[in-house]
Structure formats: C-alpha cells, structure tokens
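Each structure below appears as structure tokens.
In the two complexes below, chain A is the common chain; its partner is chain B in one and chain C in the other.
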Partner chain A sequence: MKNGLFAVINIGASAFRMHISEYANGHEKLLEYLVKPLSLGRDTFSKGYISLENVYKSTKILESFKNKIDEYRIGKNYCAVCTSGVREAQNRYFFLDHAKIHTGLDIKILNSYEEIYIKFLGIKHNIEQFSAYEEKGLLFANISSGNIALSIHKGEKIIFSASLPYGSLRVNEIFKDVSVLKKYKAYEQYIYNMFYTIRSSLPFKLNLFYIISSGSSIDLLTDIIKSKRDCLKRKTLEELYHRLRTKNSNEIVKELGIRSSDAEVLLPVLIIYLNMMDFAGKDRIYFSKYSFPYILSLYYTSNIRDRGYNKRLRNTFYYIGDRYGFDRSHAKIVSSFSLKLFDSLKQMHLLKLKERLLLEGSAILHDIGYFIDAEHHEEHSYYITKSLNYPGLSKGDINIIAIINFMHREVPGRDYDTLISSLPVEKRLLVFKLASLLRVADSLDSSHMQLIKDFTVTVDVDSIIIKARTLKHPFLEHLAFDKKSKMFIETFGVKIFLETKILYE
Partner chain B sequence: MGNIAVIDIGSNSIRMQVSEFLEKSYRIVDDYKELTRIGDDVFEKGYFSEKTIRKIIDVLKLMKRLLDNRKIEVLNIVATEPFREAKNSIDVVNLIKKECEFDVDIISGEQEAYLIYLAAAANFQMSHLKALVVDIGGGSTEFSLVDKGELICAISTKLGCSRVTKRFIKHDPPLLDEIFQLKNYISRGLIKASIDNAVDFLDTYVDIVICTGGTMNNVADISYKENSKSDSIVKYVERKFLKKLTSDAEWKTVDERMKMNNLEPKRADIILPAMMLVDLLLEKTACSGFYSLRAGLRNGLTISVLNNLGIELPFQNEIKDVSYSRLIEIGNKFSFEEEHARHVTDLAKIIFESLKKPMKLNGIHWKLLEAASILHDIGNYISYSSHHKHSYYLIKNSDIVGFNDNEIEMIANIARYHRRSLPKEGHEPYKNLSTIEKNTINKLSGILKVADGLDRSHKSLISDLKIEIRKQDIDIIPQSTKDLYLERKGFVYKKDLLEKATGKKIHLL
Partner chain C sequence: MNNDYPFINREISTLSFNQRVLYEAKDKDVPLFERLKFVAIFSSNCDEFYMIRVAGLKDQVEAGYDKKDRSGLTPKEQLGKVSLLAHKLVVEQQNIFRFLVEECSMENVIFSPKLEGDLYDIAESIFNDEILAVISPVTLSPANPFPFIYNNRLTVFVEMEREGKHYDALVIIPENLKRIYQINLNGYNYIMTIEQIIKQFLDKIFLGFEIRDSYMFRLTRNADLTVAEEGAEDLLKLIESQLSKRKKGNVVRVEVDQEMPDKVRNFLMKNISFEKDDIFVVDGIIDLTFLFNIKSNKGSFYYKPFLPKLPKDIPLDSSLFDRIKEKDIILYRPYNDFRLIARLVELAANDKDVLAIKMTLYRADRDSSIISSLITAAGKGKQVSIVIELKARFDEEKNVEWAKKMEEAGCVVTYGIMGLKIHAKNLLIVRKEQGKIVRYSHIATGNYNENTARLYTDIDYLTSDEDVGRETGQLFNFLTGYTDFISDKQRLSLAPADLRNTILSLIDNEIKNAGNKIKGKIIIKINSLIDKKLIVKLYEASQAGVKIDMIVRGICGTTPGIKGLSDNIKVRSIVGRFLEHPRILYFYNGGNERFFISTADWMERNMDHRVESLFEIVEKTSKEKLRKLLEYNLRDNCKTWELVGTSYNKVKTKGKRFNQQEYLMDNPF
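Up next, the complex of A and B:
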C-alpha cells in the first residue's frame, strides 16, 4: 500500500486486539497495540451463541477502537475481522449488525481457510528458511483458543489441510465438569483421538522434518518458558506438563504468575503440542512471534506476497488426483491442451491469469469422480471438488472448478440451470467459456492414449482450426471432438474444426 | 496393490475391465467395450471371415495400447461361444498371439456359467434362496442354478440371441410364422437343456431369476427410465413390463425398434429372442419378474483372477452374508476404520435389540441400521469436516448389495444423521421422505448416534451394554474396565436424537 496509517482489529475467541501501524516505503512502524480480554469463545463453544451481555461488552470495546481510528484519522484504512468465537456463533449476524449500528465499523468474518492462509503467509514471510522446510516436509500448525489449523507441506504441495474444532479453550469447555485429578486424562484421550483420526486418513508414512507453530498458544508458552531461541523443546514441555497436570487453574496461576484465563487453557495447549510432536516424530517446534494482528496488517496492506502459490496449487491438485486414483497422463495432457487453447484464444475470451488457473485445476481434476463410480463420474468429480479446502483458494473459486468438472462431459438432456444460477451473474459466462475449452481439450485425448502429441490453433474470421499431430489415426478423438465442441460453438459463436495429421507419414 | 486386467471376447462384444485390487476389495478403474458382433459370421458360416478377424485384432490392439498405459500385474483373456464353434478359431488365437502378444483362453460353456455365478454371488444375497442365473449372450446362453449360495449346476446352451435371430428371422418386420418358430425353438431348447441336465432346473422351485448380459440390461434400463427410477447396478423388472415391451417390439421393423425410447440401436434386431427366453423362464419358474445385474463374465473373471492370486473377497469368506461383506469392501475402498465400524455396529445391535419392541422395529430395520453403522464414517475419505454429509453421498452412490433404492436412501440418511444437527424438514433429501420413513430414520439414526458416542475414543473400550427401560427413562450401563471420559462426553453430545425418538430421558450410568 501507499505510505500512511493502517489499523487492524481482530476479534478472537479470547480477546479483542487492535494494531495500528504507520507504513513508510514498505517499512512498518507500530504506533499502538491494544489487547482487551473478552472470551466470546466461552459462550460460543459451550452454548453455541454469544450472550447478550457479551454482545454489549463487545460493542463497548469496539467503540473504544473506533475512537482510536478517529483519533489517528485513519478513516477507511482499517480492516476488522473476526474468527471462530464469532464465526461459529448462531447469532453472528446480529453481533455484526449490532457492532455496525453502534460503531460504524465494517467487520468481516474470516472463514477458517482464509485464516490459516493469512497466518501461513505471515509465518512464511517471517521465517527465512520456510520454503526449504516446505520442500523437505513441514507441519504448519496454528493453535488458537477455538481451532487447531494444521497443514502438511511436502515437495511444494499441501498434502493435508484442515481446521479442526480442538482449540484449547474449546477443549477446556468440553471437560469443564470433570474433576481436576482426571481432567488431564480426558484431554489426553480427546486430543490423541484427533491426531489418530488425521493419521488414519493419510495414506503413507509421514516423513516430516519441521514443525512450525503460531497462534495465541505460542505467546502463552513463550511467556512461561522464556525461550531464548525460536523453538520449544519436548523435554521442557513434558516437564512443565508433568508438574502441572493435576493442579487446578488457581494453583497454576499462583505457581506461574499468569492470568487465570491463560491458566485454564494451559494443559490443553501442552497436550496438543506434545501430541503434535509425537504425530510428526519430532522433538522440537519452531515458532514465529509474529502476532496475528500484525500479519493481518501486512496482508491487507499487500506487504506480503505468496511466491510459489501457483506451483504449490498445481502440485496439490495432482496430489489430490492421485488420492482418487486418476489417470495422471490423461490429466497432464488435458491440462496442457486446455492451457494451450486458453492462450491461443485470448482475444476471444478476454480472460485473465486467475481464470487460467481455474481452468488448469479443473483440467487436472475433471475425472476424479471415477473413484466413486464410472457412471455419472462428472457428478462425482463435482462433488469431490466442491468438498476440497485449500488455503488461499476461495470457496467461490473452488465452486467454479467443481462446476466446470460437472460440465466437462456431455450428458444428453441435462441442463445446468440450477448449478449456474447458484453463481454470481458475472461468473455464469465464465464457467461456460472455461467448460467449452476443457471439453475440447478433453476430447483431444478421449482415448486416454495420448495419440495427439501437439497442435496449433489457427484463428480465422469465422472459424478456428485445430491442426493436430498424432501417432496414429485418432478415431475416438474425432468422434468425441464432434460431440464436445458443440458447447464451444454455442458459447463463442465460432465454429471449431479438428484436422489431424499422422506424424512421420 | 496392483492392477489386473481381463478381456472377454464374446459374440456381441469384446469387453475389457481393469481393476485395482486393494486389501479386501477391488475397484474397477477402466471398463471398455466394443460392440463388434463377431459371432454373426460364425453362426451363419461356421468360421471367422477375414473381415471379422481384422476387427478382432484391431480391437485387441487398441486394448493393448490402453493397457500399456497402466501397470498390469495379471492379464487374463477368455473367448467364448464363437471361438468354441468356429472352425478356424485356433488360427485366430495364433494370429492374436502373433500380432498382439496376447494369450487367449477358449473357455467351455460350463466355465462361463461358473464365472457368471461368481459375478452374481458378489451382488446378491443368495444364502437362503434358490436362484437361477441366466446370461444371455449372442451365441450361447448360460444357466447357473444356485442353492443357498452354492453352485448346483452350470449349463451352456446354444440359445444365444444373435444366433437364433439369424436362424429364424428372415423378414423385416418378422412374419407371424417366424415369430412362432422362434418362440417354439427357444421353448424346446430350454426344456431340452433342462432335461438333459442332471438337475432339471425348470422343474425345481426357484426364488429369483437373475439376468446378466447387455441385452437384458438394456430391457431393465428401458423399464427404469420409463418409470423415472434412478439407475443402479441391480434392477428389478416385472414380467408384465417384459410382456408389454415384447408385444410392442414384436411386429416392428428393426428401424422402428431403433427409434423406441432408450432401446440401444445395436440391439434392435436381437432383443426379441432374449425377451422371449426370459419370459418363458419366468413362466416355467412362476416368478413374477427378474433381476438384471449390470455385471457379467468380466466381473466373474476378475474375481477368479483375484482368487488365483490368493485373495478371497469378503463375500467369499463370509458366504452367509454377501451384503455384509460388500459393506466391508465398500468401507475398505474409502479407507474406513474397520474396528471402529464393527464395534459401533455391535453396540448398535445391543441397543436395537433392547429397544426394538417399544420402538416397533423389525429385522428389516436392523439390516438398514447395520449397513449405516458399518459405513457411517466413510465420508472421512473426502474430508473430516461435514463427513456425515459425505457419507450420505458415498452411500447413495456406491453399489450396496441386497437393498433397493428406497432402502439405500434410508441407509444414507441414517448415516448422515449420526452426528451434528437433528433431522430437519428443511434438509433436502430428508424432506422428500414419507412420514413413516422419517420416523424410522429418527429411531435408527438415534441408536447409531448413541452407539457412535459410546466408541468416541475409537478404542472399543466398552465390551457390553446393559439397558434398562423405565417409564420415562432409559439407563445404559456400560461394561468396561477402562476410563470412559470420551465415551461419556460422546454420549452427552449424541443422545439427543434417541431421546427425541423415544420420548424418554437417556442416562449413561
């Protein structure tokens, strides 16, 4: 962003935080950082909604934040977000509306995958070796009071990513009525169970080299342990845990001199970290001291970028394809054909690089539905794709990839009205354009035998000619092309032809 | 894990199936078919013509290319009736070896019938009934008589639909006399085959007739599409529908038949004898309809290849309950936690047995609950979040054996409500069910939800349950030597639906 002031308001599950910075030539200077403890999560995670009393208290805090914004004359240069404490409350819209009416602040709910992604970017920005760690095998964790977000990175792809409702405050709330002497055992079993479930859903042995963690839990632990280096060791955490596990929160407050709200979640936090080390087979956890509000500030002022995003996303799509037993050679060639068509016909579709990436995604994933059943596989591909979560790819974009997957195959008598009408108006034509390109590309390898090696695209005034070089006469490809190019003609209003020439003939 | 491929060279089509075998199941990764009608030549002239031989070689070469793309550990190619009959079949087999490097095994009609039986046994619960499995091909028709899951006899006849069509139908539309001759020939052929055989299969009581083969599957497709029923691997067609379709098609020309709704054009000339044969069988066995199975020789062949590799599928080990074994196979396909699934099923069974009387539940309900209990977590394969909804989708779209469409919808719903929100009128699939079905789902899902809660740790900590029902309360007394923190928590979170369905407070003591 340009030079000037920027404020971030972050409504977390256990506290409200405000971060005001001044940016000058890409450098950030912290002007003010405010923390107001208020545990919305306690309401949300136990009752499912935020009590009226806490809605009022929240508005009071937000009013004071708004005053700061006015005081600094920040105007609209702010961003206010909330996470699981509000996101999961049944009355979240009332909460937001109440705040808006009384403070004028526009607050955005971050979904859990946006949240992980932004944190991931922040930590990546902070830790120099991050990309090397990613390549080798990295477990990235964000443990906050509401959720545990985990993602496993390896070889420039994300092989697992989930946001799980096992945050420290939430776990504490679940077992609040269990006696102190037994409580730690309940935590142990509960958290072990979560890692066990994740482990059983992963198909192979994990070879992880690093664990990097972030989130409010790190602040708590580093306050207690006072680690000089940016890492926590298993031995230290184990000693602390064994010393404290049968103590109640009052005793912990006395012994460690921490806030009682922190004391209550300390045991779950320790158990989560110890289990995470077991899970990854590592004895130390690296961390970043970047706070979430600071990361938000960098993110919303465009001071952090995600280098390698496209490559990581592409690799992850192939990884997902493998999980669903797809035909890799087919996916690869359909993807390269789709992109070639996209690039050759730029003047006709006027789409941008972002849409190119969506096309590539659906070209890789269009057949994964075969895993469920060959019949109606396009519907199954749609279903599986729609259920994907990928940090950095919005739900809207995932939905578009899913719909294109659905449309990749011609099924007589089918119309797409219901699916298309679920999209915003400006996206409706987009899916037809991308699906048309995918269909043509898919038809060029309909035998799954990669008979067509390459092609050129000639654009005439009223027609497009694909001139393909093949190993032998591609009967199936010609048949499929005739069927699958209909949508192209309807969408772009131009005829498209396929000419094939056998190589070496 | 590896891939196996099988190719079936039949009179009507050449089919290839590639499967990946998993620990306890296999999944078809490629199913390729070319409708070649290579039998037409043989049944007319007695040998394969040059043109037909070329056709066979071309298709096999194409299949070879398709196979080259995959790592295939075992390849098994069989040829049936036209090869059994053609004078020059050995030459063709040698030519295939030379040009495609494929070893083709010409199998006997009885072997063919056995393989069809294997395919049927994987899809039908036949442990307590007598079934007649009929595979109508182009050149021959195979009959397998199965009693309580055991194969009693396997017979091969020359009643293939291409063969008899060629022999009797010379006009288009057929003449009255031709139709009469055709019917008569099929009837005599059937009786002869039955009498010649050690077991007179037409004279024995049969519970169900199961048809495989493309032609009868096409008939079932027509019936289902006409009645807007959703597609499935197994379909049931009533005899009266078959009669109606036969009389509609009988006097039409081949061109007119091609235009009939949903009839596969390439089968327009041969569909009549197939329908006549099945109708005669239904008449003789006094069955009011037949089941079609969209599986055939190639599926049986795949199972047989797996057996030769030393892999027995669950339905073969636990022959008493094919349906149960298939559930385990499906679970394995989606990497479920088998021990948890089985334990939840055991706990659900105990609760079900105690509550069935007051809740007015019966044995059929148990089968639904059992299937849902085994599969309740398979949605985890797609993602942990909302996995109950994914389980619904996967159950709806998996080939679950032994249940009709309606029952599969019920199973999927029972699994769907094993966690999170209670069934609501606004929920899409649920709202379309009848009140009786909704009530049943509430009851069964309520039981499953509690059973799942009682294995919250996935460690099978509870060995048994005692259940005491009082006027306004139900007490569940778990037997365990372990600490049950998670199970107790799980129970508190998950008792809501069962409390609603029973109208009683439920306590875990």
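Up next, the complex of A and C:
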C-alpha cells in the first residue's frame, strides 16, 4: 500500500498494541499508538490456556481497537495478529472465535518463524549498515515476553535460526515461586542452558562481529539507561544487574520508577543480554527502536522488501548441505539442471517464481540424507529437511521441499498418498510437478561425475527432447533417466527423451 | 526537603484573596451595581470556604488530628485564626454594604424600605399570592420536634404567645421562592427581601398567636462530596446518590441576626448541634448573594458593555479549518469571542469530512451550544467522544444531566479515570482531507462554558500541528481507556505524570543559567500557588539569583522579599472586572524564551490528583502575544495588589493610569 490508512493490531504475550499509520507515497506517518497491558502469556505459560476472565478482557480491549478502526473508517485495511501468548494456548481457537463474534475482527496466529522473519526484515530496514554487519557475522535477537527469536547471519546466509521458549515473561513465570534472593541464580542457569544448546548445535566456533537486538526488552532497557548512543554496553548492563539481582519487583519499581510489569521481567532480560554477549564474545549490543507493530505495518503494506532473500536462502541451503557433508558439486549441477528445466517448460507447468525457489531448495538438499545412510537416504532427507527452520520460509513450504526430497528417488511400487494427503489439494499436484523436474535433473548427474555439463530443451507437440553434450558416454545417466522420467510422463502426459552427444564426436 | 522555608497558611491566604474581592466594592471607579456584585461574590466565596475548607478543618479537629501544617499551625489553630479574620471581614462587608445602600438610595434604589402605603399593599399581595401557600411553618413543641434545616436555608425564628403561654416557631424559607422582589414605584426602585415580607406578615402565618419577636438565621453545612470511587461500578449513579447528602452535612457556621438574644442562640445550639465559635452575628442582611440578582435599566450602574472581537483574518465558515492550517490561532477570552470555538464545533458537526470529535467537559453551561453541536455530530455518524468530569464541584448535577443526554444521542461518554479529576481542557477534531488525516487541536486554560467565557479571562489555542494532534489524540485515548500509556510527548506535559517535574526542570534550568552568570528570569501567571515542592524550588531559584515575577490571583503560599531567601520574588494579584483565570508560564531559558499555557494551578491537588496539561507554545506570533499579555499584567497599576511579606497592599496608581483589563478590551488579540 503506498497511500492510505492501515491499522495493525498485535496481541502479544504481555500487552495488546494497536498501530495506525497513514501512508503517502510509501512514507509512513504514525497516527495512533495504543497499548493495553494484559498478560495472556502469564496464563498460557503457566496453565497452558487463557482464562475465561482474560478472554473477556481481551474482547473488551479489541472492541475499543475496533472503534478506532471505525473512527478512521479503515474498513478492511488492517491486520490483526497474535503471537506466543495466544499461539501456545490450548484454547486459542475459542479465543479467536470469541473475539470475532464480538468485534468482527479477523485475527491471524503468526507462527514463530513468520514472527522472526518479519522482525528481522524490520530491523534490516531500520539499520542502514545491516547488510554489511550480516556479511561480517551478526547475531540478531528479539526478546519478547514469550520467546527469544534468534538468528545468526554470516556472509549472506543464515547459520542458525530459532524461536526459543525463553522469553522474559515466560522465564519469570517458570521461577515465580523461587525466593527473591535465589531467583537470579535460577534465571542464570536456565538461560545459560539456552545458549549451551545453541552452541552445541553449531558446527564450529563462530566469529561474530555484531549483536543487534529489538523488541520490548530493548525499550525497557533504553528507558532505564537512557543511552544517547544506538548501543548498550556490557559494563552498564552488568552494573545494573548486580545492583538489582537480589531485589524484588516492588523494590525495583521504587528504585527505577518503572512499571511493575516491567520490573518483573527486568532481571531475565539482563541475564539474557549478558549471556548473549558472552556467547558472541562482544561487549555491546546495537539496537533498533522499531516496534513490532510498526514493522508489521511496513510488512503487510509491502513497504519493506527483502531484496537479498533468494540469495540468502540459497546460501543457507548450501550451508546446511555442507553441514551434512553433501556432494556440493552434484547439488550444484542438479540445481542448475532443475532450474533450466523449470524455465524451459514454463508454458507447460505454469508455476511461478516462488515454486521455482522451492524446486531449487529441494535440488540442493535432496541428498543430505546420505549423512545418515545411503539406502534410505531419501527418507532421511525428508525428515532432516522437515526439521529445518528458516525465517521467511513457512512450515508449509519447508514441508513441500521435504516431500519433494522424499520423492526424488524412484522406488518401484512406492505409494505417496499417505505423504501428500496432509497437503491441500492444490499443493498435491505441485509436488508432483516439482518432483518430476527434480527427478529428471537428478538423473542427468546420476553418476555424480558431472559428465553432462549442459543441455538444451526442445519442446515438440507430443514430446520433449533433452539434448546434452557430454565428456564421456553417460551410461548411468541414461539408465537413471529411463527410470526417473516415468513420473514426468505420468504427471504431464508427455514423453521426454534424452539424447547425448560426446563432445569430441 | 528542607522544612525551614516560610509558607503562608492556605486558609488565611484564601480569606485574604476574598478580602481583595470585597475591596473592589470600595473602588469608586467601579460602577455601583458592579460593586454590589463584588459584595455578593464575597458572600458566595465565604459560603464555599466554610462548606469545604472550614468543614475540612473541623473534621480534622474532630478526628483528633493535631499535626502542624507547613505554615506551622495545627487544624485548631487554623480554625482560630480563620474565625478571627472571617469575622473581621464579615463586619467589613456589612459596613461596605451599608455604604453602598446609602449610595443606592441617592440613586433612588432603596433596600429594605419601610412597608407602608402602596408598598405595604404590594408586599401583602406578594405574601398572599406567592409565599403563604408554599411555606411550612413549624411550631416547636414536644409533639413537634426541631426539624432538620438544610444547608444555606434562611430561617425565621419566631417568638410568640397565646393565652399567656410562650411558643417558639420556625419558618424555613423554601429554596424555590425568590429571594428579592424589586418594585418600581413612583420613580423609585424598591428592593424587598423575602424575609422582610415574611416577618411583616407573621401574624397571618400563625393565626391566633401574638408575635413577640422574630430573628433571622442561616446554617452552613459541610458540603464536601467525598466520593469513594473504588468498586463504584457506575460512577454516574454514585454521584447522583451523593448529591442529596450534600444538603445534610454537619453544621460549620451559623449566621444570626444581631438582634437575636442569647437565649435563642442557646436554644438553637442545643437543638441543632453547633458550637458558640460557629456563630457569626450579622449586623445587617444575612446572605448577600441576592445582590447578584438585582437589576436596573440605568446603564451607569454597570460596566460599559463591550463586544468581544475576533482578529480580522479569522473566518466563521468552513474555511476556518484552512485558516488554522495556515497559522496557529491564539485568543484571549473574554476580549476575544469564545463563540469562535462553539462555531468550530458546529462546523465540525456538519462537515462531511470530519470523522471524529473529542472533547473534555468540566463545567458546561445549561444551554451549551457546543453540546448541542456534539449531539448533532453523533446523529450524523461521526465518532463523538466526550470525557466528562462528573466531580466538578457544585456542577455535578448539571454534568450528570448532560452525560445522560449525550449518551442517548449516541455519543461515547466516559467519565475519566478512577481517583483523578479531569481538569484538562481539550478538543480534537479529526478530519480527512484529500485522503489524508488532519487533526485540529484546541487547548485552553478555561472551560467550554459560554457563560463563564464572558466573565473569566482564559487562553484558547488552535493548531493543526501534527505532533500536537498526535499527542492530543493520545491524551484522549488515555482518558477514554483505549491506551494505558502516553509516550513521546514533545509539547504536552500532563499531571499527575510529569507536569510538576517539567516545571521543576524548567526552574532548575534558570537556576543553572543564573549560576553560569546567564540571566535567569521567570514570569508566572496562575490562580493559586500552594504546592510545597514548587514553592521551595522558587525560593531556591531566588537564592540563585533568578528574577521571578508572579501574578497569583488567589492563594499564595510564598513570602516574597525575605532577605537571602526570596529577595528576587515579587508577587502580585489582579482583581478586577473579569476573573483572571489563565495559567501562563514564561522562562527566559538563556535567551531562547519558552512560553507555556496550562490548566494547572500550582497546588498538590492539581499536580497529584487531577489530569492537567501544560502546553508549550512555539509559534512566533503567539509567543509575542503572550509576552505582551504578561507585560500588561506587570504594568497594571489600577487593579493590582502587591504581596509584601504576608500582607497585600494595593498598588497606587503613579504616573499614567494603566488598567490591563480595560486596555485589552480595546486592544484584544
């Protein structure tokens, strides 16, 4: 949206927020920003559901937000999302239904990876040198009430990405019954454990140059510390932590003049940041003051774009492949062949750029299962891929890549119905189309010797001919092609042939 | 905080202000009937003072509270001093009134004439037609116990006889009867009070009795409406239920005729339950507030009428919005016409591009055109939000009435925040112009009341500044419960959040500058100054060399001119035709002068228990106008009193006479 009004409602674990913007030629101007504290997270993280009382209170708040939408005559130009406080509640659908009936608002549950991605995009938009930081090595963290969204970027790829259940309010809830004098020790242990887990899932020691953070935790710290710069120093955080660590919330409120809800989460926030600096080996944290609702507004009005997305995704896939000891050369050439087929046969398959990316992903990752064993490597590729998390790639898309990886290998008599039955109908055909292309591409380097360097595609009325030039006669490639092209014929209803010519002939 | 600073007692200062009001009645330059009005204002102020302030002190004494206040007095000591001063002032009041009665008689206006001849006949007709049927006299006896007498009801105590036996009776004068009857007869304007008429015809009330004597008295009761809001699900209903209680509080004052003998006083003391110290013996007419209602056709009896004006470049049609966008508008009531604001609301109500109108309402007048416009706006589908302060003292009933009316019309009416009185005066109009949102903000120091707008001086400020619109929008979101936090304030400070701290920082800045040999200067125009932290800071500023000029109309707790402490503080009070009401602050700020307007007087109740605003004016022309206004105030040598030590002296007119109110009437903004 380049012009007009847009509203964002963000139902967080500790507060409801509304952000109303006016866009003029893509430039945003804030009209209203509303905050109503209500700790749904306290219910969800301790009991597992949102209490009825809080469902009613939430509806009241949403009614007032709806009045704002009506006041500005915004109509349907809004998005309403909820995060961990609702997402993890067992009665989340009741909550949404109740809100919808009383307010008419359509509220979406944002999954944790969408959440990280949107926050990441927002901060990238805010900090000019972000790409340069990424290149050198950057830890991005957003600490909210429910979760910590963490991702590690280096050289245009994502080394690590996760949404971890260590948000400040959640941690506070877990240890609420521990005595004040010992509570900080409990926090320290718990959070140390988080970073230990991250450390052990990384293959080598990382050299990180920057830590960038955002979120309500940053707002809290900057309000207390009143830093004139755009970074928080370790020394300052340490001093603050040591001053407050044995104090209870009331004492912290009195000493710092902050709200009691903020005082409750201050110690976990400090410990997380101090551990983060230890982990990264850095003594300062750069921050962005962009609020999440603001970022949501920019995102849903398409006023922020991720220009390096494809490249970063590709690099990350190769990085993952390396971690599983894959045959990089094979993956590269299969990827190249898959995309060539995709582009050449566009008129036939009618798929779009997004699907092209999924194909590329599966082309790179299809053989990572060899890391476990060769015999059933496609099964291992499937579940390894399914377990991946990538900001910006939905679980649905990851699932499709995983399924294509499973389907890339021709196993006579194998039935895919169970696997694809969970997919929506329109996605079922998609996986067959992409798997067909991948099979053909994979067969063209069946020997892993890259005998076929390149090929052309000729499309006739009733057949498709792939003409390849080779260094040596590709016996294995022809054999594999005959087997693997069956799915192509069954999916598209057209025969496909391979003709090879040795270069010296 | 150091407790060694001198503070003038609040109650004494209040009476001192009331004295200055009374002395306007002595000013020969003030027209005759206007002087009478000042006598009436004095009475009204004293009534309120006793109902609230003295009642509060009595409660403290009764509760056994005997801590000294910051002026070093216990509640009992304060009551003693207050009583002494109040008695003295009442005597002065009656003396002044008698003098004015003389002056009136020379103009053929006769108060309490002898009822004979035609006058007798007229009085008799009035009594028979209007009074007799309505009053309920009570003959006191064991069978007829002493009746309850409501707050501020004039009552006639009658001593009478029948068949050699003595009887006492009461005639409580009903509220709904007229207090005075003005009769034009043979070129004279006669003013009879109702009690005069009743006393004349007591024998018609008590048939068969011989009337021996009759005396007037009036009770003043505790009328402080302390509303416990916690758990009050419906504040509206609670206020309504409390209103009736106001009439029945403990007695805090009893005004009696000078002729009333001791035995009657003792009898009343026994039956009504009050102390001897509560008695005010009045040598004259009790309750002179009726002087508000006397009328005459003679122009010379009144101030010269004047028509408030508007700057020539301000249109009254829908191009007013464009005019505001062009440049901020600053107005000064009553010299500028407040009807511009009413007109703005009317335009907004009928403008198809207006999406929403929001307003705070503290004291509205009965026939408010603004409220009618808001009701119209709601009917036309605009979002109309009103934040009503139900607890505006003595206006609760009116505000309850308006609240219900507006709710019925579809306005969203909220009652502010539990435990805080909403005293901020803001209006916000949200308009969509060529697809973009423009917010028009009105910030004022006075209420949205077309009647008081003709009597009080106040600032009105109109702007379409984006930041101001956003901050004013946030304020309304906060007041209506849509948000719990207001952040990112640039132009607006609010009580109880940060208003006092903002003022303290501004003063600290002057102190710092003075310390660095940069000129430090502050000019403050407010109505009351009693906040301890602010007073102490002013003393500190004076000690640091900051020059402080204060125009404090009413209560002032500072003692200026003390060597080494407040040498640099000067305090003035202006009491004139119009009630000085705005709060304007000026800080030299090292040459980058800053001007503010505010709704907050410098009292703890404003800083800690009310929602108040402090707004910075940055537009050049508006700042210039405020500068001039403050200069006029400091130049005034007609209506100014100067606080010297703990007493006020009237500033003598030396050289050219300058009355800032008269000047502004001819030279409004």
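By our rule, the second predicted complex is superposed on the first by the 504 of 505 C-alpha atoms of A that agree within 3 Å, B and C clash if a C-alpha of one lies under 4 Å from a C-alpha of the other, contacts with A are read in each partner's own complex, and residues count from 1 in each chain.
By definition in this document, a residue touches a chain if its C-beta (ideal position, glycine included) is under 8 Å from a C-beta of that chain, and two chains touch if they have at least 3 such contacts.
Remember, it's a predicted structure, so these values are computed and weren't measured experimentally.
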Chain B and chain C placed together on chain A: clash or fit? fit
- For A:S179, decide between first (touching chain B), second (touching chain C), both and neither. neither
Taking the superposition on A as described, I'd like to know which of chain B and chain C A:S302 touches: first, second, both or neither. neither
Chain A contact check, chain B vs chain C, more residues touched by chain B
Touching A:L164, do we find chain B (first), chain C (second), both, or neither? first
Report task. Name the contact category of A:I372: first (chain B only), second (chain C only), both, or neither. Result -> first
| request: Go through the superposed model and pick first if A:T418 touches only chain B, second if only chain C, both, or neither. | output: neither
| Partner chain in contact with A:E22 - chain B first, chain C second, else both or neither | second
### Query
First (chain B), second (chain C), both or neither: which does A:Q347 touch?
neither
Least Cα-Cα separation in the three-chain superposition, chain B to chain C, whole Å, stands at 35
Per the touch rule above, chain A residues touching chain C in the complex are 3-5, 22, 24, 29-37, 64-65, 67-68, 70-73
In the complex, chain C touches chain A at residues 355-356, 383, 412, 430, 432, 435-437, 466, 470, 473-474, 477, 480-485, 487
Within their complex, chain A touches chain B through residues 162-164, 174-175, 178, 182, 185-186, 189-190, 193, 196-198, 200-201, 203, 325, 327, 329, 370-376, 380, 383-384, 387-389, 447-449
Per the touch rule above, chain B residues touching chain A in the complex are 20, 27-29, 31, 62, 65-66, 69, 231, 335, 337, 380-386, 390, 393-394, 397-399, 456-458, 483, 485-486, 489
